[in-house]
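Take a look at these structures.
One chain, chain A, appears in both complexes that follow, with chain B as partner in the first and chain C in the second.
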Partner chain A sequence: MSKTIPRATVRSAPRTQVPRGLGRRLFVVVYFMLLLLPIYWMINMSLKPNREILGGLTFYPHELTFDNYRTIFTDPTWYMGYVNSLIYVGMNTVMSLLIALPAAYAFSRFHFLGANHLFFWLLTNRMAPAAVFLLPFFQLYQNIGLYDTHLAVALAHLLFNVPLAVWILEGFMSGVPREIDETAAVDGYSFPRFFLTIFLPLIRSGIGVTAFFCFMFSWVELLLARTLTSVAAKPIAATMTRTVSASGMDWGLLAAAGVLTIIPGALVIYFVRNHIAKGFALGRV
Partner chain B sequence: MKLELQGVSKRVGAESYLYPLELTLTTGLNVLLGPTLAGKTSLMRLIAGLDKPTTGRVVLNGQDVTGVRVQKRSVAFVYQQFINYPSLSVFDNIASPLRVRGGLSRAQIAERVQRAATMMRIDPFLGRLPAELSGGQQQRTAIARALVKEADVLLMDEPLVNLDYKLREELRLEMRSIFSSRDAIVVYATTEPYEALLLGGTVSVLDKGQVLQSGSTLEVYHHPDSQRVGEVFSDPPINLLGATVEGSQLRLESGVTFPLPRHMQALGPGPYRLGLRAGHAGLSPAHGEVAVPATVELAEISGSETFLHLGIAGVPGVGQGAPTHVVAQLGGVHPFSVGQDVTLHLNPKRLFAFDPGGRLRAAPERGVAAPA
Partner chain C sequence: MKTTNHRAWLLVLPVVISVAFSAILPLITVINYSVQDIFGPFQRVFVGGEWFRDTLRDSELRGAFFRNLLFSAEVLLLEIPLGVAVALALPAKGWRASLSLVLVALPLLIPWNVVGTIWQIFGRADIGLGGFFLNNTLGLNYNYTNDPFDAWMTVLVMDIWHWTPLVVLLCYAGLRAIPEAYYQAARIDAAKPWAIFRYIQLPRLRGVLLIALLLRFMDSFLIYTEPFVVTGGGPGNATTFLSIYLSKLAVGQFDLGPAAAFSLIYFLIIQIFCFIFYTMILNLGKGPAR
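For the complex of A and B:
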């Protein structure tokens, strides 16, 4: 829980001085330029025709064009890639949270036989590379008819996201005193009602951060997503490999697709920006 | 109303938090007095239904409620920590037990919340969140939420401990008047004898998971039936002096001899331990005719009082021969140096006598003139 600091206190507190002097400013500018250069270059490329990209070095688009973006938004094979990705990522995030919330509550509130071992074992699921699970998933999904569905990818990603979600949520939940649970029981709240109306609002930021991590992992994961789909649920990352064709590489289109891939992540980060640090510490701050 | 604990005990693993105990609590204020780890909280959790007793039954108004879920019981609980729902406003916090129970109109709820909030003097803050209140106001909110429920049993687990001194004094006086007028069994746990005396009502002295003594607060204070009750129900703990009854004389371990006071006339010869409250020991002859030489070990000055820790040398061969430790509570601030020799005056009429087993054998008569 973050405490609200009254405005007056903030105002009267001594401000941290912004580094002055040319040297320091120059350092900061150069540093951020280096950081942002690849992203700038991608945006730059996405706004150029292939002719200019391959023609020579230009630091900004001399022949400004939005054709690359137009292609993506009009060609179903392109935009369905985004739709597919968003569908399985969304499914995965919701499923991860629905599974992890009760699990994290149990780990945070109850002592049961092997609780600590089980809790650690969850995390070990993240220690194996995704490739290890590739073959079994593929075989299994083919046999039960899940292959090339959104559900297939969403389920496969649960293997990595549920443990992480349990760990993060457990940290946030343990920050809520157990006495609140008991007070609610004394007040007469049934457990589901307490959980939904009292408890969940208290760990709002934790849920946001967890959703962000699930989203992020599922969004960037390529190997499982590509292997478990072919046409109907093909993710955007797999679609992007289409730009390699007999006529060479469509650089501009690829760059535009890349830019659009960054946007959802950036949006999600914006909403949980104040809580991410706590999320990286698995809620244990 | 009557709440009975019949053979109730609580064991967790191999550890006994509460030994089987019998206790009856009635309408009005019931204080549970005991040091930390005495089992006060365990007992209250059993009464509330938050924990299940290992053995025994909890009977409320003749009805066995042992297995009844906490949601279904008519209880309210106030914790030592300030526990409120952080995401709800003060108004919603106080209203929550009423809303959950249902059956009340919006206006009725608002009216009751307003009444409880006014009683706890937090009515100007009803729109705020708990985090925007001071500690005292947060605890007032928690108490208001407990009051508004109008439960049969109101449990308060050291509700004032985490407040600063001034607030504690203030709230304590308010609570006394609020509780005395309520038709509920109020159970109030505290470690402070002073608080128990101030709140009045009945007291049950707990120690190490056992109820040592129950009764009206003053009765227990004046007749602690064991040495341990005397120690718990006294702050600083009651002073204990080894002594022997020899005929009509009482002989302290330090060798000082004086005639048996009237309330000890019935004691047979043999060893005893004498109890003397710190407030009844002093350095001026006005405190009593018996003078005992002593050495200053430490002087603690707390506000307007001085707690003087004294060592009384034992005569070798009598008792352990080790110095007896005595605390005297003096009014005012007095400078003392460590190692200074002083004369401790005590009034034999104020002495308790415990036998070597720790049972009370003689207590001072009530109404003995208090020392000047």
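For the complex of A and C:
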């Protein structure tokens, strides 16, 4: 691989190092400021009463209030939205991992009939336009009696999370040398015991990263989650449409609910940050 | 080398069953709709390929298609280079790296309709910081609900804000996987930063860039929730992308037959594009370079 480094650029004349770090740091700081600006604005708004929001532009809450948050934490129709979302997202993440792990192992270790086609087919399931597929989904889950359950949403989200999980895990698994499998077999480990006690700990990072992506895509998806539920498993994103009432938009409440949807995800990324930094090997591509 | 073992299908079977359950049954239903004229639950007439012919002739649909294609092209051209640049500039280790990763990932973790809401608020001239700044400080006449150009730019900037972090995260992870020895070799050769990027970093990012490109293409071509919340497809048809047009047809007018025919064609277009990207990039790396 090192042959790709051009030899022609060798010039041993000493060059003074331009402080490249400064421009780079400035770029990062500006990027983060632009990134955080809309979020800052939403947090700012969530701490104001509607009177102040509509009264004029203020850069920090002059009439600081936590009423918007209090409403959400005391009204079951609000906080149950978060609980419902967390339940089906959690179920989906666990199911995606359990289903994808053996398949990713198969893709990374074996040639089998139709492997490449199967892989592309899995990927195509992310591409179905939701608008028309919603009605068949609704009919399907109603016919099997799962409509308005957490399980229905978790199962439906497998459609796009399982292919992604297989894709990411397969990359990590391909980075583990095959000799380890063979040595374990020689040492008399059965396959399940080898897989659980030796192989899985080796790809811890991969499992962390995969769990993060599954959590993320399930947490942010709205159309399917809203279509497959009505009351008992209604996700928070659907509850948020309630803030449009006869008296106009309740902007403060909407902003507070929005702020609260960021927190679970931020916690998850905090826990997997080191695994992400370790990198994906992504062997297939 | 990989060993050939067809019993590996047993390991793949759970994936096939779980995905097929949610993929194939609805797909069959949609195909069923696409060849019928549906008046009610029990009143339907077989019409053959009529909806497909209509769909291909629909000029409004063609407008939405080219609008969406332009949008996806803009998204890819802006987000991929920006994402690579940010990933290169982020600190590599220490608490700064952890903090950067958490901050970068924030927009990705916000439900899509909330993203729409954030920008709907942010862009308003009366209560939003962005709209206020453009109108009162810069003196522009910015209004995303009236002006087609402003609406387009709002949706585009929102998408860049929302999805560039995905490209950053993938590239960042890819960059961390490059062995230190490569950089040492480059230092011995006194390679300039550009040469390091072009001959070491970029080739090693091929895999993650493929994922980023495919995911961004699919999602921008299917974009629905965010522009729907912000502009509702307007003003006029300015931000009516394919999915928005499709759901107007399916939900608004309850024209299930044409909508189903349309979504099958739509599905096919996306698959063709992704297949082209997929094989193109796979071959790019396995070409004469080796």
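The criterion applied here is as follows: the second predicted complex is superposed on the first by the 241 of 285 C-alpha atoms of A that agree within 3 Å, B and C clash if a C-alpha of one lies under 4 Å from a C-alpha of the other, contacts with A are read in each partner's own complex, and residues count from 1 in each chain.
Heads up, the rule we're going with is that contacts are C-beta pairs under 8 Å (C-beta built on N, C-alpha and C of every residue); 3 or more make two chains touch, one makes a residue touch a chain.
No experiment lies behind these values; they were computed from the predicted model shown.
**Student:** Identify which of chain B and chain C touches the larger number of residues of chain A.
**Tutor:** Between chain B and chain C, the winner on chain A residue contacts is C.
**Student:** Can A:Val94 be said to touch chain B (first), chain C (second), both, or neither?
**Tutor:** neither
**Student:** Who does A:Ile198 touch here: chain B (first), chain C (second), both, or neither?
**Tutor:** first
**Student:** Contact-wise, after the overlay, does A:Val83 reach chain B, chain C, both or neither (first, second, both, neither)?
**Tutor:** So A:Val83 meets neither chain B nor chain C here.
**Student:** Which partner chains sit in contact with A:Ser190 here, chain B, chain C, both or neither? Use first/second/both/neither.
**Tutor:** first
**Student:** Would you check which partner chain A:Ile180 touches, where first means chain B only, second means chain C only, and both and neither mean what they say?
**Tutor:** first
**Student:** Would you check which partner chain A:Arg24 touches, where first means chain B only, second means chain C only, and both and neither mean what they say?
**Tutor:** second
**Student:** I'd like to know which partner A:Val166 touches here: chain B for first, chain C for second, both or neither.
**Tutor:** After superposing on A, A:Val166 lies in contact with chain C but is clear of chain B.
**Student:** Of the residues on chain A, which ones does chain B touch that chain C also touches?
**Tutor:** Dual-contact residues (chain A): 1, 4.
**Student:** What residues on chain A touch chain C, complex-wise?
**Tutor:** Residues 1-2, 4-7, 9-12, 20, 24-25, 27-28, 31-32, 34-39, 41-42, 45, 53-54, 57, 95, 99-100, 102-103, 105-107, 109-113, 115, 118, 120, 122-137, 139-140, 155-156, 158-159, 162-163, 166-167, 171, 209, 216, 219-223, 236-237, 240-241, 251, 254-255, 257-258, 261-262, 264-266, 268-270, 273-274, 276-282, 284-285 of chain A touch chain C in their complex.
**Student:** In the complex of these two chains, what residues of chain A are touching chain B?
**Tutor:** 1, 3-4, 177, 179-180, 182-190, 193, 198, 201-202
**Student:** Within their complex, state which residues of chain C touch chain A.
**Tutor:** Where chain C meets chain A, its residues are 2-9, 11-12, 14-16, 18-19, 21-23, 25-27, 29-30, 33, 85-86, 89-91, 93, 97-98, 100-114, 117-119, 121-122, 126-130, 132, 161, 165, 169-170, 172-177, 182, 185-186, 189-193, 195, 199-200, 203, 206-208, 210-211, 214-215, 218, 222, 224-225, 242-243, 246-247, 250-251, 256, 259-260, 262-263, 266-267, 270-271, 274-275, 278, 281-282, 289.
**Student:** Which bits of chain B are touching chain A when the two form their complex?
**Tutor:** 48, 50, 70-71, 75-77, 79, 81, 83, 85-88, 96-97, 100-101, 129, 131-132, 145, 149
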